[in-house]
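Note that the chains are named A, B and C in the order they appear, and that numbering of residues resets to 1 at the start of each chain.
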Amino acid sequence: MLYRENGQFKTSYAADQQIFPIAQDRLAIGLLLLVAFVVMPMAGSEYLFRAVLIPFLILALAALGLNILVGYCGQISLGTGAFMAVGAYAAYNFMVRIDGMPLIGAMLLGGLTATVVGVLFGVPSLRIKGLYLAVATLAAQFFTDWAFLRISWFTNNSTSGSVSVAGLNVFGLPIESPVAKYLFCLTVVCVFALAAKNLTRTATGRQWMAIRDMDVAAAVIGIRPVYAKLTAFAVSSFIVGVAGVLWAFVHLGAWEPAAFSIDRSFQLLFMVIIGGLGSIMGAFFGAAFIVVLPIILDQVPHLLGIPLSTATTSHLVHMIFGALIVFFLIAEPHGLAKLWSIGKQKLRLWPFPH
Amino acid sequence: MGFFLETLFGGLMAGMLYSLIALGFVLIYKASGVFNFAQGAMVLFAALAMARFAEWIPKWLGFDNLILANLLAFGVAMALMVVLAWVIERLCLSKLVNQEGITLLMATLGISYFLDGLGQTLFGNDIYSINVGMPKEPAMILEGTFQGGLLISKEDLVAALIAAGLVLALALFFQKTTTGRALRAVADDHQAAQSIGIPLNRIWVIVWSVAGFAALVAGIIWGSKLGVQFSLSLVALKALPVVILGGLTSVPGAILGGLIIGVGEKLSEIYLGSFFGGGIEIWFAYVLALGFLLVRPQGLFGEKIIDRV
Amino acid sequence: MMMNDMPQAVQAQEPTQVSGRRIGDVVLDLQNISLSFGGVKALTNISFDVREHEIRSIIGPNGAGKSSMLNVINGVYHPQEGRILFRGEERRRMEPHMAAAQGIARTFQNIALFKGMSVLDNIMTGRNLKMKCGLLAHALYWGRAQKEEIAHRVKVEEVIDFLEIQDIRKTPVGALPYGLQKRVELGRALAAEPNLLLLDEPMAGMNVEEKQDMCRFILDVNDQFGTTIVLIEHDMGVVMDISDRVVVLDYGKKIGDGVPDEVRANEDVIRAYLGTSH
């Protein structure tokens, strides 16, 4: 079947406002979900789950949260790692301090705690913009780095400074095997991606984008800047906080504050830029790119018989990311997601572009 | 009292070095409206170049003279920084003219990653030392005034003097020379400056070179004190609150901001640190700057930002 | 002279537009407004009023303070002195979104559309104040939230039909030519169903045909919806033809106020425009 929308007439506004208005897209996304939920768990190897798919899903979720703030609402944040950390440590404390706290409950409470902290650090955004705000979010980063290292209450007085969780389960189903972990992350990510898409295509999303594009005009049309900015901070840090819980509980199992350092914050920002500012799909593209590239750089020279040292590989990764950031900002600020949609646009007319 | 003064002096000297890095930020921001996140990476890159060339050049040329080696290495490193400035202008800035501040900020974040990777690929990623003959032993001063006198690190003192001299020289350069005047014109209004025949691109290369020079000096001073390694790149993160405090567009602001934060950090660590469990140096400057932002967003000496509709 | 011919043609189509409308009571009363920025006086002691259903124009040379006046009316700027009475109530310090909530909408001199959004989404933002669903409802997009979105989409489609921009509804506004962008901006303001509409040079930089269209839209809005309009415009032909009353500013001061014929005959106004002695 060719990629065409001829003959697909929309007879209601509801039909015109659905997420994938073109039938072929709906089919493709259905197939993708089928592969992700059914084929992958049967075919994937343990390495694939542990090293690629689980980190990809969780980082994509965090990037999605960050994209709401940066891409949709135009507020920069260099402290994403901090909000992940808040989510993770809050959920940990809810788990150890309240008997019988279920994983999902802890996860949502962790997200809510991150929301509160996110809104708190978002308050300066009402007065300051751009790079000033970047500094405010850096303050969040350094403060949480310090707090989770030095204030032992947060780590339940763990002597090593590292904390761990074990025996995770959801409604009695254990989340222990790589496949179970993968499916759990996948479900959470799908739910949040759908919710985020819904937010961005309704009034809430329009308020965020209006503030991003021209804040004075937005206020003049009746959008309250305080509400729009703080909801963006709230939603963003909630999602980021949940991603933090997943990263700590499901991916790492045992962790220290270094897992959520400033490098993590930058990495997530890069995902958003490379994947596409202001695009839900972009978060997934960006995360895939940044998770997979180091693996490729690690493997390919081996296969070609010119093994690189780990240090060299990591420097190369730095250089490539840095160069790509600049490249995308100059050439295509909407990132891989935009390239993807241009490709689809071309495909609709293929093979007769005129 | 003696202890308090020692802490104060220590803070002032550390602050002078923050000022030096902050100055790099301010110069670039004034002339191109770019908040240069890569200043830290430039410090690392310059210091790595300096350390390695001081080691390589005598080997290549077969001589053994520390001063000559340092001079040559300094020259080569400076030349590299100028080339870097030119490349950054060509490949990046000129293509991002008139973009929003937030985009430029992210671009410099990219540059910063690239430089970190490049520097370590070219020059290696061990800890290297820079030996420019800084005095290492501490000195006692004011023994007559206080019982026991004040213990002061000579190295810090020399470093602070160099930093102060450089800050002064740059301030004069900005105020008194023709190039300095052109720089200020560009800072005020890109288009107006271009229309009276100031070559924007060349000005940017000059500014980035000057910032590269500031980075090199800062790199040498920090590097000879702590050794040249990746963490040097993070020193710049310390200088960020300095610029916020002092005002992004103000050279005196960068100096005063640096001193305030240097002193504040040391004093707070000693007198408040124990209440919080120590290590508050890491975030003290940021929280101070954040508090300041809420009261006076333009900083101590910055220009007031008025939004026009 | 072409400029002058054009609005007359418009008026000829609607010969009764001025006499047919019921000009009502004063809705907006500005008393002794003074505004300055760090010592620079933008407006000095300006008073005028706007009556319900009328088209009230503000004219004056560049830098006379016209846009500042609009910014004062919808709360972007806060005057240091003076009183603003809106519907008989004195207004305290007010933010733009509160002005919007009272039914004041506006367009800008330099187009202020949301560049990253489609025409449809831009106009949908105009409905923002009338949408009641919260964050969680939007996240679920089920039932009430979807119904609300669709109900407002219907309203927005009416605006799109009114402005004849059906074919570009899904286009990103950044990709549109200037004249259409101005029209979309008007659409965004109209979607809010304002009772006071502030238009800042809606016809600047347009060709004759586009101006004719814009004039027609403004008159239709005024006529069909009874919207009160405050208009800043440089094209004297347009201003004199469609305005009920005109206020003239020069160097932040009011130098003339009245029906078009009075203003045309006012010597201060002539002097300001011809640029003789000051």
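The criterion applied here is as follows: contacts are C-beta pairs under 8 Å (C-beta built on N, C-alpha and C of every residue); 3 or more make two chains touch, one makes a residue touch a chain.
No experiment lies behind these values; they were computed from the predicted model shown.
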Chain whose averaged C-alpha position falls nearest the assembly-wide average: A
Top chain pair, ranked by how many C-beta pairs fall in contact: A-B
Distance from chain C to chain B - Cα centre to Cα centre, in angstrom: 50
Centroid distance [mean C-alpha coordinates] between chain C and chain A, Å: 42
Mean-CA-position distance for chain B and chain A (Å): 33
Contacts with two or more other chains, residues of chain C listed in rising order: 76, 108
Overlap residues in chain A, where contacts from two or more other chains coincide: 216
Multi-chain contact sites of chain B, meaning residues that touch two or more partners: 309
Touching residues (chain side chain C, partner chain A) in the complex: 74, 76, 95-97, 99-101, 105-106, 108, 112-117, 121, 124-129, 131, 133, 135, 138-141, 145-146, 149-150, 153-154, 157, 188-189, 192
Interfacial residue positions of chain A with respect to chain B in the complex: 74, 76, 124, 127-132, 134-136, 138-139, 142-143, 145-146, 149-151, 216, 262, 266, 269-270, 273, 311-312, 314-326, 329-330, 333
Chain A partner contacts - residues on chain B that touch it in the complex: 35, 91-92, 95-96, 99-103, 105-107, 109-118, 120-121, 125, 237, 240-241, 244, 248, 276-280, 282-283, 286-287, 289-290, 293-294, 297, 307, 309
For the chain A and chain C complex, residues of the former touching the latter: 12-14, 17, 195-196, 198-199, 201-207, 209-210, 212-214, 216-225, 231, 235, 278
